[in-house]
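Look for chain A in each of the two complexes below; its partner is chain B in the first and chain C in the second.
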Partner chain A sequence: MASVETDVFESRLADGTEIDDLVTEEKGISRRIYGDPEIFALEQERIFRRAWVFLAHETEFQRPGDTITRNLAGEPVVLIMGDDGVIRAFLNSCRHRGMRVCRADRDNLKFMRCVYHGWAYNRDGTLRAAFAEQLYEPERLRKEELGLIPVTQVDSYAGFIFGCWDPETPPLDEYLGDMRFYLDLIVNRTDDGCEVVGVPHVWEARCNWKFATDNFTGDNFHLYTAHGSMVELGMLPPDPMSLSYGYMITAEGGHVLHIVPGPPGFEYLGMPKEMIPEFKRNLSPAQQAVMERSTFTVGSIFPNFSYLHVFVPKEQGAPPCSFLSFRMWEPLAFNRTRIHSYLIVDKSAPADFRTETAQAYVRTFGPSGLFEQDDMENWEDCTLVNSGQIAQRYHLHHGMRIGLPPDPDFPGPGKAYQGSYGEQTQLDFYAEWERWMTAPRPVGARKEA
Partner chain B sequence: MSTHGTGLRVEDLPIGRSTVVDVADTKVLLIRRGDGVCATSAWCTHARTMIGEQPVEEDGLIECPMHGAVFSIEDGSLQLGPACDPLPVYAVSIGERGEIAVDIPEVAEPPPATRPSSFGAWQPTRR
Partner chain C sequence: MTVEATAREPVVFGFGTPEYAEITDWVTREVHLLDEARFDEWYEQLHPSLTYSMPVRLSLMPKDGFGFRDDTDYYLDDYTSIRTRLNRLKTEMAWAEQPGSRTRHLVTNLLVEGAGDDEYRVRGQFLVTRARADHLPDIFSGVREDLLVRGGGGLLLRQRRVLLDQSVLKSFNLSILF
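Right, the complex of A and B next:
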């Protein structure tokens, strides 16, 4: 069955360029991967219709009937909590004419109702009512076969719900692999887990989605240039090498991160001291060893789900406060990305910390954040210029501190490279991108079903 | 108007969810409400769609799946949506052992919303 697909699998672009020639250590990275509609369409087919993609967080669903709409590989999906408390995900499309059956970002519904002819679906996706059912001849309208189409695979990790359109993609736990060790440091470290604060910020940028992921592979060395004005405001330490310590880490599966230590007093990712016993209770000794020494961490889950757990002053002159934001970079076109930015907090965090962490996040990140605006400027300009035909004749340069031996003494899994200024994790992310783009089946799929 | 047993006791009804029962050739919606039970027609007065089983929360509202008409289960009044008429409600009596009986008018079942025309109209083919 799979061999047929393999036979017709195209490893070249329309002009004959081999896809695996787009990302090489010698030549660098082709600008075309950011500025070519053909490559974007292939990404939808080979990455986003196959990989596990973040959809929503379980704590966004409080009661039966709560719905959230998202896109998965450019196709609309609706997530809804059933009367049994189970959160399900479906293609958001009526079986009659294809309309979306939920059209709001979020809602609470008894029925998902198509506004075209009134076909209505229960909270579990089954078809409840079609218009004028008595006018169908018997057995013509088989309602039991006309439920909403479920997303092929749906699973969650620490409350983060992911969806996947490909039945051959390995289960979510296996897909996340070693990255779970590092995710636990930020979302699985307290007794009751974490939750979403408010609703996510959602905005669009005229950039290729990979510039966002690239930046969140742990690009620490853009801070003192792109965010140079933050030094003047006293919101970054003045020494431009101060964030160069720590590690670049490549977990398996193209998941990558940076983790950086701080001066004494900034341990445990800058979280309130009274939470440390809870962290110790929930984390393994190896995880504690990593978290104990760390002040901030930034990373990405392949392909488009990133986080930053940083420690910043919420305003000029204020003491630093840590916050955790997750972002999903939703690819809309080769030069358009919708950004979903969440503030996440431990359910057991003290009340005053919850206030401070929200203020620190909203002043520095999110669409009006002091840091975020600098990033948008760069990602949009990079995308615009790299879309040019002349520019695309020349590859981009990635070469800072690559090919280093991993530190064998680092307590966490994956390959940990000492020092967090470097481009190894970015190259590892692009290598994974190329692996999916040139694979006839999902990366990690079982040999034969 | 005559009183008909439903064959159900109060304890048979789920809490927070409507139940459809056939009584004297009429589809009746029963909803447990505090110590009592409310009974309404199970057919929406708008497009004659079966309102049917569904969660009923504290607000005591039921929603037609088809066009979203929302009715009060207490008095059948229309709260929201496209219907013109309230939902018929039926008086309920509860026996000593919790047996539920409802008063059904002689002609309770509403006519279908869309009746094929009697002259020359398309008719579904029966196989």
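Right, the complex of A and C next:
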């Protein structure tokens, strides 16, 4: 039998194309990365089964036994709060025949009982009982070895729980790196932190997940075309350069964002004035310096967790109101993405703000939102067209304000490029994508093979 | 509505009553206006204190009820914001509806109850199809819970709660009305 080294890392696609040829500075970005099932399968292996991926928020759990079902890299996961208050994550699969042990979106369970043959698991994942245990010889049912399979690494930042299937991936804090500085501006700025309002909106689009992340790397310059209707309605400022007067920022690890100042009076991300002393109390001087002059920020945590903190009227004629939404772009197939969209508020936010912020979010960026509707139109069409073999002969164009020197005087970490219309952060996201896709082990893994 | 009125058994207007006939006619005309994109005429059927919502639904065990959330909605609209939605369609950059969705609203199995003087609670089951471009049509099913009030020489919609059957929306956007 010929010796086949199945563990040799393959840097090429089946047709011989080098993966690191898909994203290059000279040629740009290959359309193939959005429209090829082979690349999607490789992303699952090299990115989603290795990177830290968002699962849920701690405030979605109130009491021991609360469960939420989600997916991690295409495999079902159940999160459950234990009697010790710890939220754990497991592969949602009975060790006996593989059936999911939790099948409702949410529940509260004393134990997770498989509905096929009755194997039941405690809230900490240990096997509590199998059916007719007395019929097994003891050594054939080692219950202590048959607990639910835990997600390899689980950790949280500001209540956002992430899971990771790879033991070698660096810890979450290290993975988030400098991005924490910018996340703090939106989720770690008040005494009691932030919380999820209700439940996420969940919907599906026939688009590649990267078009969503790409858009949330801080693509500000699509607004005046894709959302041109909002200018006509007076819900976006008439100046088409209005969102260009900020910064594109690349933190480490492919985490990127844009941050944009607004008109005087709308500093501190347009949040209610009475909250500003609390922000100052919780943020470092450098963080305050950034937040103080910002009205609008959009960013993405590599690979598929994005946010927007925008300031927008809830209807024609209304004053703008800010809201914060986090998005998890769950890849289902190369051309299918499940979107989980959360509304997040500071626990200490005033009651009237909570009402306004929910209306502003739902009406503009929920699935029926006046902005959101048009984004889906673009992402689906881009995915469809870029799946074509003729289209894939031609790379996409990225060239606006790239390769510029970062501003050394910007108070925050990472590389901050002055001017918030540009494609630098998009390219930096794709460079990170390529890094993971061509790495034999998780990017940042400490041990050498 | 007075406390006394809520304590009473609701008056049911069954098939064959003048109220049922009038409301069936109203619903029929309303959905034709929607499907024919006669949105300004449709808007005239709305009461200025309109609330228009569509709660998110979860897939839950029966012990936990039907799964409709009272804290999260797909639509959270009122008279002004619905006007904003309709005005958007008149711009030449409302891409999600240009080319437009081709909808069909089938609303049937109406239950009509009195809800006070000249107010009616109407529950109608719906099947809404939305064809768009060359896509497979989206199908939405559920119940519309309406409150109709008499005013302006006819009936006006003061409240609509759209209760969807789906828990994960299998549609890329909600650029239509229900």
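One rule holds for everything that comes next: the second predicted complex is superposed on the first by the 440 of 449 C-alpha atoms of A that agree within 3 Å, B and C clash if a C-alpha of one lies under 4 Å from a C-alpha of the other, contacts with A are read in each partner's own complex, and residues count from 1 in each chain.
Note that a contact is a pair of C-beta atoms (placed from the backbone, for glycine too) under 8 Å apart; a residue touches a chain by one contact, two chains touch by 3 or more.
In this text the structure is predicted, and so the values were computed from the model without any measurement.
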First (chain B), second (chain C), both or neither touched by A:G65: first
Chain B versus chain C, judged by how many residues of chain A each one touches: C
Touching partner for A:V197 - first (chain B), second (chain C), both, neither: second
Which of chain B and chain C A:G118 touches, first, second, both or neither: first
First, second, both or neither for A:A358, with chain B first and chain C second: second
Residues of chain A contacting chain B in one complex and chain C in the other: none
Footprint of chain A on chain C - complex, ascending: 54, 56, 58-61, 64, 67, 69, 71-78, 80-81, 83-85, 87-88, 91-97, 167-175
Chain B residues touching chain A - in the complex, by the definition given at the top: 17, 47, 49-50, 52, 54-55, 63, 65-68, 112-114, 116, 124-127
Contact set on chain A toward chain C in their complex: 104-107, 197-207, 225-233, 235, 314-318, 338, 343, 358-359, 362-363, 366-368, 370, 372-374, 376-378, 380
Chain A - residues contacting chain B, complex: 64-65, 83, 110-111, 113, 118, 120, 122, 128-129, 131-132, 134-138
